[in-house]
Structures are given as structure tokens and as C-alpha cells.
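Heads up, the next two complexes both have chain A, just with different partners, chain B and then chain C.
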Partner chain A sequence: MRFTTLDRLKAWLDRLAQEVDLVAPCDVDGHVLYRPVSSSEEVLLDYERPELPAKDYLFPATEVLLRIEQRGKDVALEEVLPDRRQVLFGIRPCDAHGLAAIDALFLHQAPPDRYYQHHRERTTLVGMACIRMWEGCFCTSMGGGPTDATYLDVLIRPGPEGFFLQPVTPRGVAVLEGLEVTEPKGEPLPVEEYNPPVPVTPTAKWRAMFEGNIWMRHGERCLSCRICTYVCPTCRCFDVADRVVDIRSGVTRIERIRAWDACTSPNYRRVAGGHNPRPTNWERLRNRFLCKFCYYPEDFGPLGCVGCGRCIVSCPVDIDITEVMRDVAQK
Partner chain B sequence: MALANPMRPYLGRLVGVRNLATGIKLFQVELLEPEGKAAFADYQPGQFAFLSAFGAGEAPFGLASTPARGPYLEFAVNAIGHVTNTLHTLDVGDPVGVRGPLGRGFPMEQLRGRNIVIIGGGIGGAPLRPVIQTILDRREDYGHLTILWAARSPDLLIFTEEFDEWRSAWATEFHVTVDRGDERWRDNVGLITQLLEKVAPSPQNAVAITCGPPIMIHFVFLTLKKLGFSPDQMLTTLEARMHCGIGKCGRCNLGEKFICTDGPVFWQYEIAGFLEGFL
Partner chain C sequence: MSVRRAIIHQLREEARRLLSERRVDCIIGYETGPRGRVRPAFLYEPAEADRLVWGPECVHNLTTYLHNKKKPRKRGEEPPRIGIVVKPCDSRTLNVLFAERQIERGRVYVIGIACEGVMGRDGQPAAKCRRCTDRVPLVYDLLLGEPPAVEPAPDDWSDLERVAAMAPAERLTFWLREFDRCIRCYACRQVCPGCYCPTCAFERDDGLWVDMGIEIPQKFVFHLGRAFHLAGRCVECDECERVCPMGLPLSLLNRCLVREIEALYGHRAGRAEALTPLLFELGPEGSPI
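Moving on, here comes the complex of A and B:
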């Protein structure tokens, strides 16, 4: 396995930051978050699971799809597809796994999502293995793991005196070209702590549970706050709207934007006439869980959950996806 | 470029705007770009499209026209939200955008030779108008046509100026009802399900096609069942506040189905098998 030292890794990151848009885990007022960085000094190398997933950099929370310029009765449309290359450094294996789940719909289900595809083709994923599972993590039950390289271009594993480098894809080999390697010292740090496994139930059983009373039991305290979808590495629903940027000397400049949406939002399925087929919190929560474990895998292949555990630690009323999974398994 | 990005609307211009009913206007759109014209050269009854009011956004509407009757796309729009209220401020000559045609339309080929019963409630009649027009334009291809039309009140009936054409067409009968009449109303008063029971179309070699509010669709299906229609003799088209129309945004899911790509037109037996209901 290739090996490099802290100094060399930092020199490489500094060069990368000059060449591409570099995104890396940072300390933002005490919160670990993936953020654009301009120097290795900002980059955390020993950090917990970032509080938000990396999907924002491929499927931004708010994204301009079109610029629209209206001059009198004439309209001009311009697609907005910024031509930037980016490296997501230090992303956790679960977040790469989450992108793979989104790929199934946005890349592999025709027609591809033009914007996501554009960003994805210009992105290199340099992951950092976890040295333990954090609060709520259950990636090992979802087909991933703290040192899983499957969905990354490069996996880095921390060692006692440096970093072990495992290129996974040709893109990963290419991004490592500028990184000076040395004689390996020691072994990659082992994973200190694993969380207990959670049972994953086949989609057919989730389907059969649709009418069950567990949804009301788990969902009656849901506040429809939508934090679970916001922190989720696989939730990908969106809304589209126009915003007027300015009106100047007869020219109206408009942006057509899309923004993350949430099926747990009360208005998600409400139609223009006012009818709402999913009027209660528990019905919306049922949709979210069934999407993850039944609808999404049946429609697109992968499960809609990678076991990152963020929804568990974020929920203000302690709704725990692993409790629901255990309930479904036991029925 | 226009064809490559399904989220980019084709540019269009309003060539006609007229009042259809209280709060409902019919917009006639001329597509300006060759790509747009090509895309809409052969759209099917029951398909839908997004209509953009630039600056307000876009919303999905069932196409209310057919390519056989002219090159302009027609949309019946009820002023009920931000986009639709903004559309209502537009006039002839104003620019709009159109994305589509989208979704699975009515199986018009499969319906050849069958007696057709159309049951339209309120603005739900709009996506059924192209079915009526297609049958009237290829009259010998279809059997008897029964049209049941309804609205909550007389001022909410749409396409009233076409009633005479429908009424006088060969082998076609037309019935209309309103939930509540007014002093000038001389026709049926009552729910469309009551009218349906009164008219009692024969299920023999027939297919019934309905659209309206979800609760109406539900009860129309029940009434049709009472009249002897089987699940493979009932069609409807469903709506949702979609944002993409191409199966990505998630907004129109019914369980694992998407109204935009699996529908919006569904047979009753398909709906009966859905995990999650539309009601």
C-alpha cells in the first residue's frame, strides 16, 4: 500500500487547492462540515463524521438551472453549468455510498439529470476511512463500512506516522500523481469500535407492512421539521421555482432554481386544488421509510439508506430509523 | 441544446387567451423554436406539459388540445396558486415556456372500436377534451360516444361553446350537470355520479374515461362498477404538483409509482393494485 507523511499530504492539498475546487472537512464554529478550502491549514485530518453529507457539492441545496433574461416580449434562456473540477477530500465512505445511491437515479435512470451528471463527471472523491463508528452509525449493516473503498476514487487510511493511500479508480490514480510517497511506516489504524448490527429486511416485507400500525407509533411524534431529509446523504427530492434577480432598464433577470425538498413536508403531496393524499405526519414518515427500504430499491436498485446515522442524532423527537428497522424485522 | 436538457423549456408566445369559466382561462401557445415544434408534433391525448410564466415559475397541466386541430398548444388554467395567478395576468403576445410532452397518454389506438364514456368534472374535463376531439375527428374509428360533463356551478363549466359540436356529433350523446344551479340553469342539478346512474351507459364493449377531483374519481369508479364496468374498462388521469415530469424530483410518488412517468393516465386495475392510494 502506498504511504505518505503528514507534510507531504499537506503540500499536495495546497497544490490541489490551487488547481481545482477543493472541499474538505473543516471546523466551522465547533461543527465538522465539508467546506471549500484554500489551504491545507483549514483541513481537518482527525475528525468525526461531518454533520452534513457531501451531496451539497453535487446536488446543491439551491442550484440555478437556467438564467432567464426577459426584454419586453423577448426571452433568452441560458443553461447554467459551471465548468469547475472539484476534489472532495476526506469524505467518509458512507457519504460516497450515498452518492452512489443518488447515481442510480440521477445518472443511470434515463434521462440522466444533466446538472448532477455535469458535477459528478468533474468530481473526484478522496475518502478518509473512519477509525471508529460514531454515534448512530450503522454503515456495516447497509453494505458499507468504516474502511469501505467501493464508492471512492481513493481511500486514505490514517496510520500512526502518516497516511496509507489506496487508489480505487483511474481517476483516483490520476489525482494522486502529484502526491509524493515514501516507505510505509507501521500499519493502518484498526477500527476501534463497531456498533451493533441492524437487521435489513427485504423490500417485500416493508411493502407488506404498509398498513401496519408501526407508522403511527413512530410517526405520531414527528414534527415534520424535515431535518432527517436535510442531513440524509441519499434524499434527493427537489422543488423548482423562479426568482427575479433584478429589473433594470426594461430587462428582467430571472433565475430558475431548484432546491432540496422533503417528503416529510406537509405540502409535499398537496395538489393545487387543496387535496392532500398524505395529510398526516405518520403517513409522510411512512413514505420516507418505505422510500428508503422499498420504493427506491425496487425502482432504482440501491437502498435509500447507507447507515450514516445522521437522521438519528438530528431528530428533535428521537425518531430512530434503526428502531423502525428492528420493528419491521421482528413483525 | 434544447433537446439535451429536459429541464429547459421551449420558448413560446401566447397567441390566444380567453375566459373559459370563472377563474379559468384557456391559453393558446405558439412554439417558436424548431426543436419545440418537433417535440410537440405528435403529442397524445392525456399527455401533459409544464407551462412557464417566467419570473413566477412553471406548473404541469394536461394538454387540452390535439395536434390534428392545429399547431397551437392549449392549456386550461385555473388561477389557484402563484404560477397560475401570474399566467392569468399574461395576454396575447406575451412570452411563455413549455416543457414536454410528458407522461403516458390515453391508449387511443387500443380504444378503437369501443364505445367511449367520458366523465369530466370541473377543470378535470380539460385533459379529456383531446380525447373527445380525437374521437370526433376519427369518428368511424370509435363506437358510441357518451359525454358526461359537470361542474360545481354553471359558471365553472368549461368548453361550454363546444357543447353544440359535441351534442350534434354522429352517435354522440351529451349530458351536463351542476352541483348547484342558478336562476337561469334549466339542465340537470346534482352530482356527476347521480347523472351517471341516470344515464346508465351500457358497459357492453365500453371504456369509461374520467377526470376530476380525486374524490370524484373515487366515486365515479364505484358508480361505474355498479353499472357493470370492470377494472379494465375504466381509465383516469391523476395529478400532482410535480417539479420535473421525468421521474427525478420525487414529488408525485404514489408508493413506488410516479404519476409523471408511470402515468398520468392509469387503468382502474392499476390503481387498485397500488400500495398507496391517490385519495
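Moving on, here comes the complex of A and C:
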């Protein structure tokens, strides 16, 4: 396995930051978050699971799709597809796994999502293996793992005296070209702690449980906020709207944006005329779980959950996806 | 038996009695989940009463769930009668909701608990408890526990000093940096018992005032707008700050207005069953009000 030292890794990161848009885990006022960086000094190399997934850099929370300019009767449309290359450094294996789940819908269904595809083609995923499973993590039950390289371009594994480099794809080989390697010292750090496994139930059983009383039991305390969907590396619902950004004599400038949406939020499912087919918190929560374990895999292939555990630790009322999974398995 | 265990015992007995005598249709209290975390619980059967717990982890303000219980479960029925567990701070919310005609007093059976304070995420006493002057709920039908031996600490507003000391430009920078982390998940609004409008002025899909973008201008307008809508109504339960996944110091905004309203009107939300004077009181001509 290829090996490099801390100094060499930092020099490589500094060079990358000059050449591409580099995104890496940072300490943002006490929160570990993926943020654009301009120097290796800003990059965390020993960190927990970042609090938000990396999807924001391929499927931004807010994205301008079109710029529309109206002059009298003339309307000009300009598509917004910035030609930037980016490296997502230090993402966790579950984040890459989450992107693979999103790919199933945005890339592998026809037609592909033009914007997501554009960013995906220009992005290299350099992952950092986890040295333990953090609170709530259950990736090993969802087909992933703390050292899983499957969905990455490169996997880095920390060692006692440096970093072990495992290129996975041609794109991964290419991004490592500028990184000076040396004689390996020691072994990659083993995974210190595994969390207990969680049962995964076939989609048909989830579907059969639609009418069950477990949804009310788990969902009655749901606040109908958007935390679980926004911290989720696979949730990819969005809404589209036009917003006027400027009106001057005879010229109107409009942006067509898309922004993240959440099926847990009360208005998500409201239709014209005001009817809401999912009027209660527990019906919305049921949809979220059935989407992950029934509708999404049946329609697009992969499960809509990679076991990152973020929704578990960030839910203010202790709604726990693994508790629901265990309940469904036991029924 | 410790005070805490005695309270839990009484709480369960009372819940069993209320449910079996059909005095209430549902009890909203606290339970411990499989991960050992305390969370809101909804009980409908007497046999469920032993799920109830009480302790310093019972931080949630459960009164927010009363808004989900205003409608009958089935058409033609009466709305459900609710038994609810409240701390002193939560009980102030009840006064606000009664005054605003959101909840009928007769539909709620209030189980008040004398409180020694609850814990924040760090396991330390929550900020709201360090300045708490009410160790006994202001509204209750049944009081559990004895007034604890904790000295009430007068509010010194020291939390606001840091921000108040900043020059306006510096303060703007401070807030923009905080709002930058906001993910617009609306957990603060959803958990707030005072945020019960059927359609929020800042709901994203209407886009009349604030568009759906998750960017600083929308977040800025939302947080400031929400704070103003709660002026004279916020009881400082700090739930908005507790649930924020990005750790925004939202109570600073609310407490800033709490202090202003108290200075102008002598009003502190929820201390009595009264509406906010900000919207309903006019002062004499020439007065600052």
C-alpha cells in the first residue's frame, strides 16, 4: 500500500487548493463541517463524522439553474453550469455511499439530472477511513463500513506515522499523482470500536406495514422539522421556484433556483386547492422511512439509507431509525 | 426513597388513575428510549403509565404538542382531554396559550413538577435553569415534589452583555457568521410552542416575503422575524436553541426582546394569563410606548 507523511500530505493539499476547488472537514465554530478551504492549515485530519453530509457540494442546498432576463417582449435564458473542478477531501465512506445512492436516481435514470451530473463529472472523492464507529453509526449493517473504499476514488487510512493511500478508480490514481510517497511505516490503524448490527428487512414487509400502528408510536413526537432529511446523505428531494432579483426600467432579471425540500415538513405534500394527503407528523415520518426502505430501492435500486447515524444524533426528540428498523424486523 | 423516585412513583400512579377513570384521553410526559435518552411520550392506556420518568434529562417543553391535540381524533367527537407534565418554565407557556385562546383550560390537566433544574447537552445545568426564579410551576392541577432547596437566581441578563458590548458593525458580523451555519431546517420554529400559525409568514413554498433559498438573506429575515413575532410571548424555555443542530445562540435574540418588553411594559410572558402588550396596548400620546 502506498504511504505518505503528514508533511507531504499537507504540501499536496496546499497545491490542490491552488488548482481545484478543495473541500475538506473544518472546525467551524466548534462544528465539524465540510467547507471550501484555501490551505491545508484549515483541514482537520483527526475528526469525528462531520455533522452534515458532503451532498451539498454535488446537490447544493440552493442552486441557480437558469438566469432569465426579460427586456420588453424579449426573453433571454442562460443556463448556469459553472466549469469548476473540485476535490472532496476527507469525506467519510458513508458520504460516498450516500452519493452512490443519489446516483441511482440522478445519474442512472433517463434523463439524468443535468446539474448533478455536471458536478459529479468534475468531482473527485478522496475519503478518510474512520478509526471507529461513532455514536449512532450502523454503516456495517447497510453494506458499508468504516474502511469501505467502494464508492470513493481514493481511500486514505490513517496510520501511527502517516497515511496509507489506496487509489480505487483511474480518477483516484490521477489525483494522487502530485503526492510524494515514501517507504511505509507501521500499519493502518485498526477500527477501534464497532456498533451492534441492525436488521434490514426486505422492502415487501415494509410495504405490508403501511397500516401498522408503529408509525403513530414513533411519529407522534416528531416535530416535523427538516433536520433528519438535511443531515441525510441520501435524501435528495428539492423544489424549484423563480425569484425576481432585479427590476429596472424595462429589464427584469429572474433566477430559477432549486433548493432542498423535506418530506417531513408539513407543506411538502400540499397540493393545489390546499389539500394535504399527509396531514400529520406521523404520516410524514412513515413516508420518510418507507421511502428509504421500500419505495426508493424498489424504484431505483439502492436503499435510501447508508447507516451514517446523523439523523439519530441530531433528532431533538430521539426519533431513532434503528429502533424503527428493529421494530419492523420483529413484527 | 429519593425525591426523584418519589415523584416518578406519584407520577405513574396519577397517570394510571387519570387514564383509567377516563379523566383524560392522553397523557403527554417523558419516557426513556432504547438509547437511554429521555424523550416525549404519549400515553393512552393505564397499562402504559410505567413508561413515565422524571429527572434532570426532562428538558423538552411538552406544551408544544398541545397544538396537535386541538382537533378531535374522529369527526363529530370532542377534542381530546390532555394530561400534561410541566416544569415551571413550561407552565408559563400554558399561560400564554390560554390567554391567546389556543388551549381551553378545562381540556388540560396540568401535572406540575417542582423542579431543581434540567441539564443541557453538555450535562451541565441548562442556561435557563441558572437564571430560573420559579422552582414551582405557575399553573397546575396537581403538584408533585416539594419546592426544592435551590436558591432562585435573579435574572442578571449577563448572557446579553457580550452582544450588547459589540459595536453595530461587529454585532452584524457576529450574527451573519451564526446565520451562515443555519441550515433552515426550521426545527426552532417547529419546537416553539409560540409558533403555531397555520401558515408561517416565512413558509418557504409561498415565497411572498422570503424565497425558498437556503442562503443568508432568507435565514437572516426568518430568525429576526421569528424573534419579533415572539416579542412579549416568548417564555425563554430555550427550546429553539436546544434543538438547533448547528448551535445557533437563538435565545440571545429572544432574550434581547424579553428585556425590552419588560423595561417598556413591565411584562414578562407567561407570568400571568395575559396577552403580549406589544400588539395590544397603546400608551398615552408622547410616551415611548
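The rule we apply is simple: the second predicted complex is superposed on the first by the 330 of 331 C-alpha atoms of A that agree within 3 Å, B and C clash if a C-alpha of one lies under 4 Å from a C-alpha of the other, contacts with A are read in each partner's own complex, and residues count from 1 in each chain.
Heads up, the rule we're going with is that a residue touches a chain if its C-beta (ideal position, glycine included) is under 8 Å from a C-beta of that chain, and two chains touch if they have at least 3 such contacts.
It should be emphasised that the depicted structure is a prediction, and the values quoted were computed from it without experimental measurement.
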item: Superposed partners chain B and chain C on chain A - clash or fit; value: fit
item: Chain B versus chain C as contact partner of A:Thr62, first or second or both or neither; value: second
item: First, second, both or neither for A:Arg114, with chain B first and chain C second; value: first
item: Partner touching more residues of chain A, whether chain B or chain C; value: B
item: Vertex chain A, arms to chain B and chain C (CA centres, degrees, nearest 10); value: 80
item: Chain B versus chain C as contact partner of A:Asp239, first or second or both or neither; value: both
item: Touched partner set for A:Leu290, first chain B, second chain C, both or neither; value: first
item: Chain B versus chain C as contact partner of A:Asp83, first or second or both or neither; value: neither
item: Lowest C-alpha to C-alpha distance for chain C against chain B (Å); value: 7
item: Intersection of chain A interface sets (partners chain B, chain C); value: 239, 241, 270
item: Touching residues (chain side chain B, partner chain A) in the complex; value: 1, 4-9, 11, 13, 52, 54-59, 78, 80-81, 84, 93-95, 97, 213-215, 239-241, 243-244, 246-256, 275-279
item: Chain A - residues contacting chain C, complex; value: 28-31, 33, 51-52, 61-62, 220-221, 223-227, 230-231, 239, 241, 243, 257, 259-260, 262, 265, 267, 270, 280-281, 312, 314, 316-318, 320, 323
item: Interfacial residue positions of chain C with respect to chain A in the complex; value: 33-35, 37-42, 60, 64-65, 68, 177-178, 181, 183-187, 189-191, 203-205, 207, 211-215, 242-243, 245-247
item: Parts of chain A lying in touch with chain B, wherever the complex brings them together; value: 65-66, 68, 70, 73-75, 77, 79, 105-106, 109, 111, 113-115, 207, 210, 236-242, 244, 252, 254, 256, 258, 261, 263, 268-273, 275, 277, 287, 290-291, 294-295, 298-299
